[in-house]
Amino acid sequence: MADTVFFVAVGIAVLALLLSGIRFALGPWAVDRTVALDAMTILATSLIVAFALLSGRRIYIDVAMVYGLVGFAGVVAVARYLEGGL
Amino acid sequence: MIMIKARALGFLGLWTVWLLLTAPWNTQEAVAGALVALLISLLPFSAASPLGDLKLSPKALAWLVAYVFVFIKALVQSNLDVAFRVLHPKLPIDPGIVKVKTRLKTPLGRLLLANSITLTPGTITVEMRGDDLYIHWIKVADPDPEAATAAIVGNFEKYLEVICG
Amino acid sequence: MAGIIGAFVSLIGALFFLLAAIGLLRMPDALNRMQAGTKATTLGSILFLFGIGIMQPDYLGRVFILVVFIVLTNPVSSNALARAAHANRKRIGAVLSPDALADDEARIAAGDRGTAGTKEATHGA
């Protein structure tokens, strides 16, 4: 029962990731894509933790943390670039 | 004095993160983590200095706990608000940027205020200049700075003034 | 028992993720998309991750660090993005009925440095 509910939750999160991916592909401007990328970073971080639980390997939580850090730095860097230039 | 407090809080924060990361604890790891955290917190740079703005009186700490609950309540409210707007077939938005004023002076207080505003119903902090915050409001109820300040900032400022001036 | 509670908490979090994605698709411009994208993913990830923490108490410490990290950084990145979006507001076609920031920028450009602070003060704060 718990496994089924959790699988449904992971499925919905993957669906959300794909829908954000549509916004990432559609754009139309770089800012819209970066907003979608920001949401996708958080979603991917959460899904990596879910994967850690499903595969039973806690090392993936550390992967999720590093991914979150790098994603945050990346989004802020892109945002600063867009603010100045474009 | 403020720097000592900032370094002590920085040490505690770093060590707490280390202890949470190495969850099944053993003494060696905990001591090594404490030493490294101490070294980092003693480095002569000011990355942790905003932490010195935190007041440590019992009243301030009690209000900090209360603030966490106020924040969680606002976060849930804002998500229900987003749910309503996103799922509504007509998409009821009327966005604009309003200017609000803050009485908070310390960098930490302003950081917390700006972050809290971003996570509360219908508002995102766009820019901060001097005492003015520019807020993107998804449905502008009142463009007048005074009224907008009361509506957006008032609730958090009350707590943050006690916590970190 | 803990497993089933955790799974349902995760499910609620996942629904907020879906809400964020629908918001990203439906909202008309980048600033409004951010409203949905930031708030719903923050609460969504809090619930989703704590749900996993409840299911597997070993993970709770690390999950807590991750949640604190997301709650602290998500508003910061959305603030940086909001500034980028506002700097490009004409290009992204943002409709802002009162735009106090653009008005003040125009006033500063016109030479009146009266009430608005300096750019340097912004970066310090």
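We call the chains A, B and C, going by the order they appear; numbering starts again at 1 in every chain.
In this section, a contact is a pair of C-beta atoms (placed from the backbone, for glycine too) under 8 Å apart; a residue touches a chain by one contact, two chains touch by 3 or more.
Computed from a prediction, not measured in an experiment: that's the story for all the values here.
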Q) So which chain is the furthest away from subunit B, centre to centre on CA atoms? A) A
**Q.** Innermost chain, where centres are averages of C-alpha coordinates
**A.** C
Q.
I'd like the Å distance between the centres of subunit A and subunit C, where a centre is the mean of that chain's Cα atoms.
A. 13
Q) Could you state the distance in Å from the CA-based centre of subunit A to that of subunit B? A) 23
Q) For subunit C, which residues are shared contacts with two or more other chains? A) 20, 22, 34, 38, 42, 58, 62, 65, 74, 76, 78, 83
Q: Could you please specify the touching residues of subunit B with respect to subunit C in the complex?
A: 17, 19-21, 23, 75-76, 78-79, 82-83, 85-87, 91, 93-99, 107, 110-111, 114-115, 118-119, 122, 124-132, 134, 136, 138, 140, 143, 145
Q: Using the touch definition up top, name the residues of subunit A that touch subunit C in the complex.
A: 1-3, 5-6, 8-13, 15-20, 22-23, 29, 31-32, 34-36, 38-39, 42-43, 45-46, 49-50, 52-53, 58, 61-62, 64-65, 68-69, 72, 75-76, 79-80, 82-84, 86
Q | Sites on subunit C touched by subunit A in the complex | A | 3-4, 6-8, 10-11, 13-15, 17-18, 20-22, 24-25, 29-30, 33-34, 37-38, 41-42, 44-45, 48-49, 51-52, 55-56, 58-59, 62-63, 65-66, 69-70, 73-74, 76-78, 80-81, 83-85, 87-88, 91-92
Q: Quick one: which bits of subunit C touch subunit B in the complex? Just the residue numbers, please.
A: 16, 19-20, 22-23, 26-28, 31-32, 34-36, 38-40, 42-43, 58, 61-62, 64-65, 71-72, 74-76, 78-79, 82-83, 86, 94-102, 104, 115-119, 121-122, 124-125
